[in-house]
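Before we start, here is the structure in question, set down as structure tokens.
Residue numbering begins at 1 within each chain, and the chains themselves are lettered A, B, C, D, E and F in the order written.
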Amino acid sequence: MSLVIATVKRDFILAARNPGEWANPLMFFLMVAALFPLAVDPDPTFLSKIAGGVIWVAALLATLLSLDSLYRADVEDGSLEQCLASGESMYAMVLGKALVHWCISGLPLTLVSPLLGLMLHLPDEAYIAMVLSLAVGTPILSLLGSVGAALTASLSSGGLLLTLLILPLYIPVLIFAASAVYHAGIGMAYNGQIAMLGAMLALAIALTPFAAAAALKLNLSR
Amino acid sequence: MEFNSLAEFIAMGRHGLYVWLSYGLTALIVTYNVMQPALHRRRLLKEQAQRLRREKRNAPSA
Amino acid sequence: MTPAKGANQVNLQARALYCERDDRQLFADLSFSVCSGDLLQLAGPNGAGKTTLLRLLAGLNHDYTGDVTWHDQPLQHVYSEYAHQRLYLGHLSAVKKSLTPLENLRWLMASEVPNEDQLWGALEEAGLAGFEETPCQHLSAGQQRRVALARLCITQLPLWILDEPFTALDKEGVAWLEQKMQKQVNRGGAVIITSHHALEGIHGLRQLTLGGAV
Amino acid sequence: MWQWLKQLYHRMGSPKWFYEITERWIPWLAIVAGVTAVVGLVLGLLYAPADYQQGDSFRIIYIHVPAAILAQSAYMMMAVAGAVYLIWRMKMAAWVAKVIAPIGASFCLIALLTGAIWGKPTWGTWWVWDARLTSMLMLLFLYFGVMAIQQAMESEDGSYKAAAILALVGVVNIPIIKYSVEWWNTLHQPATLTLTEKPSMHPDMLWPLLIMLVSTYVLFALLVILRTRNEILWHERKRSWVKKMMES
Amino acid sequence: MSLVIATVKRDFILAARNPGEWANPLMFFLMVAALFPLAVDPDPTFLSKIAGGVIWVAALLATLLSLDSLYRADVEDGSLEQCLASGESMYAMVLGKALVHWCISGLPLTLVSPLLGLMLHLPDEAYIAMVLSLAVGTPILSLLGSVGAALTASLSSGGLLLTLLILPLYIPVLIFAASAVYHAGIGMAYNGQIAMLGAMLALAIALTPFAAAAALKLNLSR
Amino acid sequence: MTPAKGANQVNLQARALYCERDDRQLFADLSFSVCSGDLLQLAGPNGAGKTTLLRLLAGLNHDYTGDVTWHDQPLQHVYSEYAHQRLYLGHLSAVKKSLTPLENLRWLMASEVPNEDQLWGALEEAGLAGFEETPCQHLSAGQQRRVALARLCITQLPLWILDEPFTALDKEGVAWLEQKMQKQVNRGGAVIITSHHALEGIHGLRQLTLGGAV
């Protein structure tokens, strides 16, 4: 366990020393959401209808992009090999890494999302639903994503392959979350969707680390 | 028999284009899937034969 | 961390190892053992299979036939125990460029939980005094390698497995590392290394030369 | 029964046995697939009555539905084969899993293409974001993902394992995708464009469909066997039995 | 010059040996476009209104992602250092690399874009405008992007920083291109926008290689 | 490619070089020259500044004061000419993992436009016979290094600048490389290398030891 804890600490230090790691997904999030009105139609009533969906698509893409570096650097400099060589549980290691990833990507996204809501004229009633769905949904994205990142960790052009592998798995999260925001916006109940997201989160915590740990092992046994 | 003539069969009650397009595409994809293993097999056998010949040639000299 | 009786003994046995890569046989019917007090150097020309064999002995490569046992039990079955008894240092040194030597060493040694004094002492011994808090990207090739090697000053693990540890070291560094290995052997540990460097005058040294024409 | 299954399992693990036994199966499978296809198509294209709403365009059903059903079950088979490899390290299972991916993707593509073409006369558009269509598209992406990781991984064993892991994660997700998409669509969009619900089909229409279904499955088995035999030939090329077979 | 030509050849060989390099941007393009209806609204009339914008945003993001690997691999394995050490013109080298990049990202995107048009119910009148705008616009994206890729080539978390640097520069392209498609869709003239894109392309060919070459030199003199 | 008169002569002069990194002075008031027939080995402990000086001499690092001249002209002014006269091989070997040795060498040598026979011959000489068409990711550390070194078998450039070229090479490889350098010196070229390896018996060898306590 001590190595897992040390790794979590180290990753936070790395993120602090390299602010791009957490600032870039955030900027990407803001910019994708800013591109839309430009490319489509800046009319406020129109925007307020699509705001929830656009924000969620932006969050999903931002998370996806930040995933590529989750294990790659560790594979390249040999530190993941050291983790494996240390004989510690890779399951715990994967969970630890996913936790750090969420703290430096999903969490900041959730915190700035109200700003985006303002920019895209999100209906007032939908703010809580948006923040809630992001808070429950982004950890699922980090966990599912860590499977993809683990599978592609030692591949040279992993970044985009990761997208291909993971995007279909993200669809359910996107659908439930976007619909929660949409329903909140038109004044309907949305706790069903949030509960569904919660269930998916529980499932993801229980299962994905196994898959990711197995994938990492096979990436390292060259 | 639902159709009285070949022309009628081809026309498929004005939907001929769609029906034959989908059957055509399917035939294409299925044909590819049937041909691929055969071609691959032929290539494998050729390579294998070459390898055997090479080994035979090398065997006495070694 | 009080080790069980006999836990600090090294007893690694390889029997009838066979390995091929890309249809080329690297080694066949290789049997040997490494016990406390042994220093085994894997030698042989480039591409002979030294790294392959080393990773296999470290339990990181499963692509072979034959048996490797640790205290008479198959390596795969006791991997977690084994991993807590051997130190592996590969081609890649697991040194993060944006961390300082101190932070790097702290992470590298996390499973043996050393205290701060030990860390500073080890870096000094490794010739990095004064560079403890310089980010590693500002260090030279040899200095980065020394960060990884500083582990050897702290660790208590009985078996070391090192892949080309002399790379990028200057003469003084080579001498220092040889002496470290000698100490490890003397105190009842064991070392397996690959190197093209001629190790001389080390007590307990054995060589295993892998054939393989380049 | 259990004993027999166990025996079969062990035999299946032997590439040589598989290669030799399938040698005898291939002609029969080919004949069954061919005959059922001809019968099914003749019945479907010539004898089934036209649909009272869609007219003759409904005849696309005879390829569309079997392909759609097969594409889904092929994914399951691929995942199961992958799991067998992960757990028991049975090489044959890895080869079968590897070989299913492109075949399954082909059938998925057939279902999508024929569906899209069928959509034009019936719905007036090539594509709608309907539940079934969307989840089928996602299935195609899952197949592509498996194929991509297979070819991207450098070591062979790694490629089998990575594909198996991904296929298994996909299996957990397929029901979730399906459920979410269905639920989403029925909420967002009225049922104007959804597929016809379990039509109480005329037997003259239904029979050809069932025959085509059988034909598709047999064809699938045949394709899997053919490709697996090639994998065997390649991987066992240095074994004596392959060499002997070659010389004779 | 011989090294530039050799590099172009080598990069095509690398792309052929690693199909992910050109297939992945394509898949990403398709998937981003597929996310929209799911997150926002699958209604055909609604989709046909936003189709042009969504397709262009997807193309932009796909290009952006494929840019990260443009120079990074070459910096990491030292082959860019060799280019610099060879004393050949870096201007030509940058142009060559941008050309290869467009051939394996922008060109395939342009070719499959009609498929996306179908799926997003793009108005029939807009197809030609879409393909035309992509054909003229994506080379600009590759060229501008190569400046960003050059600037971030030696940074560990360059991928997202790149996005940040480059996205603002992409906005004019996006605006003109999306408006061309939109105007074509409602039956209006769009040659003004295409001409504008053409002018931007000419400018980009003339200027960006200088910037990218300078940035690469900067990155290599450590 | 007929070289102008005197073009194949080496005449590199360094005068009063001074360089500091992170406020630490690496070398000061360093003056020396490298002419045809010279083999200059930069020696010194890890972190002494050998790589820094080498990159500076190669024209790849501008972070210093003092003058470096090539045929009496400042290096920056004649960089392009200079670059076409010297071969630089750094820590990183510019070998692409997914290409074969043959493809890699073809690219590495592109500016000297060798023919296929020369490429095959060079790979054979570098000990890679039989591996010409194996992707480099399937080669061992030393074999990958040999792909980069195969350039030395073809090139006609008069000045070689090599950073730790012996890394990962086996003994036979080291001997081969020493002999290559000897030939280069004998035919009127020049070599500048950094290495911790003791080069012995090479005609024309000079050492420049950089101080710097580690």
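Just so we're on the same page, a residue touches a chain if its C-beta (ideal position, glycine included) is under 8 Å from a C-beta of that chain, and two chains touch if they have at least 3 such contacts.
Please read all numbers here as calculations on a predicted model, not as lab measurements.
Steps from chain B to chain E, minimised over paths through touching chains, total 2.
For the pair chain A and chain E, the fraction of shared interface numbers is greater than half, so the two copies use mostly the same residues to meet. Here the two chains linked by the largest count of contacting C-beta pairs are A-E. For the pair chain A and chain C, the distance between mean C-alpha positions equals 37 Å. One inter-chain figure worth recording: chain A and chain E are separated by 25 Å, centre to centre, where each centre is the mean of the chain's CA atoms. Centroids built from CA atoms put chain D at 32 Å from chain A. Centre-to-centre separation between chain D and chain F, using Cα means, comes to 57 Å.
Within chain E, contacts with two or more other chains are made by residues 18, 20, 24, 27, 31, 38, 41, 73, 156. Looking at chain F, residues 91, 97-98 sit in touch with two or more other chains. In chain B, no position touches at least two other chains.
Interface residues of chain A, counted against chain C in their complex, comprise 2-3, 5-7, 10, 13-14, 17-18, 73, 76-79, 81-82, 84-88, 220-222. The part of chain D that touches chain B in the complex is made up of residues 45-50, 55-57, 59-60, 63-64, 67, 102-103, 106, 109-110, 113-114, 117-118, 120-121, 219, 223, 226-227, 229-230, 233-234, 237, 242-243, 246-247. Residue ranges of chain C in contact with chain A, taken from their complex: 55, 58-63, 79-84, 88, 90-99, 103, 106-108, 110-111, 113.
The part of chain C that touches chain F in the complex is made up of residues 21-22, 44-51, 91, 127-128, 131, 134, 138-143, 145-146, 164, 167-174, 196, 214. Those residues of chain B that touch chain D in the complex are listed here as 1-3, 9, 12-15, 18-19, 21-23, 25-26, 29-30, 32-34, 36-38, 40-41, 44-45, 48-49, 51-52.
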